[in-house]
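Take a look at the structure below.
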């Protein structure tokens, strides 16, 4: 427990501190960037980009060894991974644009074959440097254990740069993500902004390789955004809520991971974000599962109550059991199905509403108003009291329920 | 090319080809339904499945692993559908949330269990180990008629053949349902065909294919097998039956050529040793798709030629 | 992120209404409510379509025309309501129904041929594995000929024009050999020749004693094509014979809006509306 406290307060040593800060920045940048990706409905493009980094890592290692280097320099490996990730992105766009194949097929094709190439290169490296551990497998699942101080610096600096870039590009990216047509009309070059967005995704992926690993980095781009959507519908807010969830997951995940052995950084960070997602899925106030289930029950009851009252007003038999149960429970009909006084009164009100609506529709030709005649919208929500008074005047005398149709 | 081929190359090639067939068959329909990435999601959850199976049984025997992987695949499919409907989240994002979370859980469990024997299995699960599925009991082509040698065939071969056969049979039996539920789901329903059930059955079948194949070619390269051969086949023809036939051809070609290149390619280049056969198979399938994208006779979209559809 | 149609809870199909639906009606709907999210798209609708007639479902965009048809067929779930086809629940009357969905509802890039699509209309009869008999193959070809597309049988469906796509869908419905034909916007975006051809086929069906119900949006052709109209704008506005129901007053009540008024004036001038 003291270990965790130390890690949370950044007292667990230079490396752990750098990783924790780096992970928080990475999470922030990934959450915000992922929002734009998600809004462009391209969430899983990130998955292909991530898998396409593997051959780059392998090639960079081979190139650095061929040049007489050690091959394990993190910046070199990251540059290599960015090159093949970018290539994968281009191939994906080319397939989706030039052929009849849909984007999902293009994503899967690039993901599978680039990863295959990466695996082949890893086996080449294994046979080549027999005895010498290249440790490139660490990029699959991320591994912060035994990381060098310089590597920590690279990650922290990269995270900072990614956050800054997201901040600078937030306005055009928000515009393009929500309304590309409008953005184009305002004079933004949508294609270039899309490219910048994909560039940011690539940057986040590459920085995240060492911490989270290429298989899980996509989670950092998707989960915070999807979670944030439960809490707000407003464009700008989704970005920053997602950033906050991502940043917090990164910070907590890295700290917890540093506090004990056998707690791999990447999975812990992802599980933190997933926990936030599950909580939001069920308990978010408007879009959460509980809230919508309650709303649905209310809606269903409204439909059945209204249809039942209409039937009462028109002296039609009610045969739908749920409607009967509902009306009985609310004391609108007696157990034998006959309307109570209260039921008759409400039925009269429903019938009056129906007549008012019918009159309103012949009176007003504005479909924006009369289009709300959906059986449930109270007329008072659409028309002013004066207008309703006018409608009532045209309807003539008030009527009681045994009026029939 | 005789005894040695039968001993070391025949069975891995056969297993690779059967795995490719088992994945490519449902892959054809996944692509047409714009669900290609279900394969991606399923193959990622294989790892948590085998980890849980290991933790529960304490062994690394094949059967519990397969059951664990299949269970995880079904759980993932159900979760994706649940998250999509309950949270009203688009399918791609729902998949992304579910499979990464399950994968992260799998890795964490694995680290916690801290067993080196399973450590080996992570790489195995991700990258496959086709090269090790050799037929040591064989002494030449004659062994194909020798019961004693046949008894020593790697069990993966029988398993993969069985799964490929079942998937082939299911595809044939439900051909009409698959076709109409994919082309026109609303019309299928008015015929009384359970279109939603057909879709779910397809996904479950894909999960079975992925689980059977991960053992041989590794879970992530399974994705290439789901997508590349059918996608390339789509660019060769405008008939569904012909497309499926092409996809099977491409699948077998990828498996055989990929295995040969992985085994002998380095030798031809003057190097020693071999590279990952599963990885090479994925590369070959990707190259085939690339060629189809450039030269396929039906590579261009046609629906666009018609006037924009009215509402 | 548009929510799909939500089944609030499948009630058991019975309802509250003005009496049981008449058993001789090819399609009778009682108390049907369908919602997307928390807004009814169709609310408490009763409808009774007549036999041996061509009926049009008419209303403004977004008024629930297609929704009514799809919910009646069970393609999308209902909140509540009852649907009877020739007096039996729709699920037990599948063999008597043929359906022509909106042309835009499918991917025309699907790898299949024209004759293949028409044969899909026979899938219920041939089952999963049954062989298509010679007579059935000829029947599919014959249905294509009836819509003037006999020469297109081996074509890939992606090569068809909008009008040709619509004819192929109609041929598929003909292959179903049903007693009730339900069509969703059969004339949307088709050329004049196709429209004439489709109307001829539908009139022939009526002459054979079949019932035709079509979602329709072109007010100027209602009188020429149809016998019966059903006016809807989330609620049922009116239904009955064209002569007495397709009136300016009912159209005003259905459409509202100034644009529609201008259209109605034009229709009145053209003599389409009394």
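Quick notes
Letters A, B and C mark the chains as written, and numbering starts fresh at 1 in each.
We take it that a contact is a pair of C-beta atoms (placed from the backbone, for glycine too) under 8 Å apart; a residue touches a chain by one contact, two chains touch by 3 or more.
This is a predicted model, so every value here is computed, not measured.
Under the stated contact rule, the graph of chain-to-chain touches is complete, every pair of chains being in contact.
Here A is the chain whose Cα centre lies closest to the centre of all protein Cα atoms.
Between the CA-based centres of chain A and chain B the separation comes to 28 Å, rounded to the whole angstrom.
Spacing of chain B relative to chain C, judged by their CA centroids, is 41 angstrom. Chain centres here are Cα averages; for chain A and chain C they lie 37 Å apart. Residue numbers of chain C whose C-beta contacts span two or more other chains: 109. Shared interface positions of chain B, i.e. residues touching 2 or more other chains, are given as 88, 90, 234, 301-302. Contact of a single residue of chain A with at least two other chains is seen at positions 100. Across the interface of their complex, chain C is touched by residues 32, 88, 90, 173-177, 179-180, 182-184, 186-187, 189-193, 234, 237-240, 242-243, 301-303, 305-307, 309-311 of chain B. Interface residues of chain A, counted against chain B in their complex, comprise 38, 41-44, 46-47, 51, 94-95, 98-102, 104-105, 107-120, 122-124, 127, 137, 140-141, 215-216, 218-219, 221-223, 225-226, 229-230, 262-264, 266-268, 270-271, 274, 277, 281, 287, 289. Of all the residues in chain C, the ones that touch chain A in their complex are 6, 8-9, 11-12, 14-19, 31, 33, 35, 38-40, 43-44, 60, 62, 79-80, 109, 233-235, 249, 252-253, 255-258, 260-261. Interface residues of chain B facing chain A in the complex, by the touch rule stated above, are 31, 34-37, 39-40, 44, 83, 86-90, 92-97, 100-101, 103-105, 107-108, 111-112, 114, 122-123, 126-127, 218, 220-221, 223-228, 231, 234-235, 262, 266, 271-276, 278-283, 285-287, 289, 293, 296, 298-302.
Within the complex, the chain A residues that touch chain C are 100, 295-296, 299-300, 303-304, 306-308, 310-311, 314, 316-323, 358, 361-362, 364-367, 370-371, 373-376.
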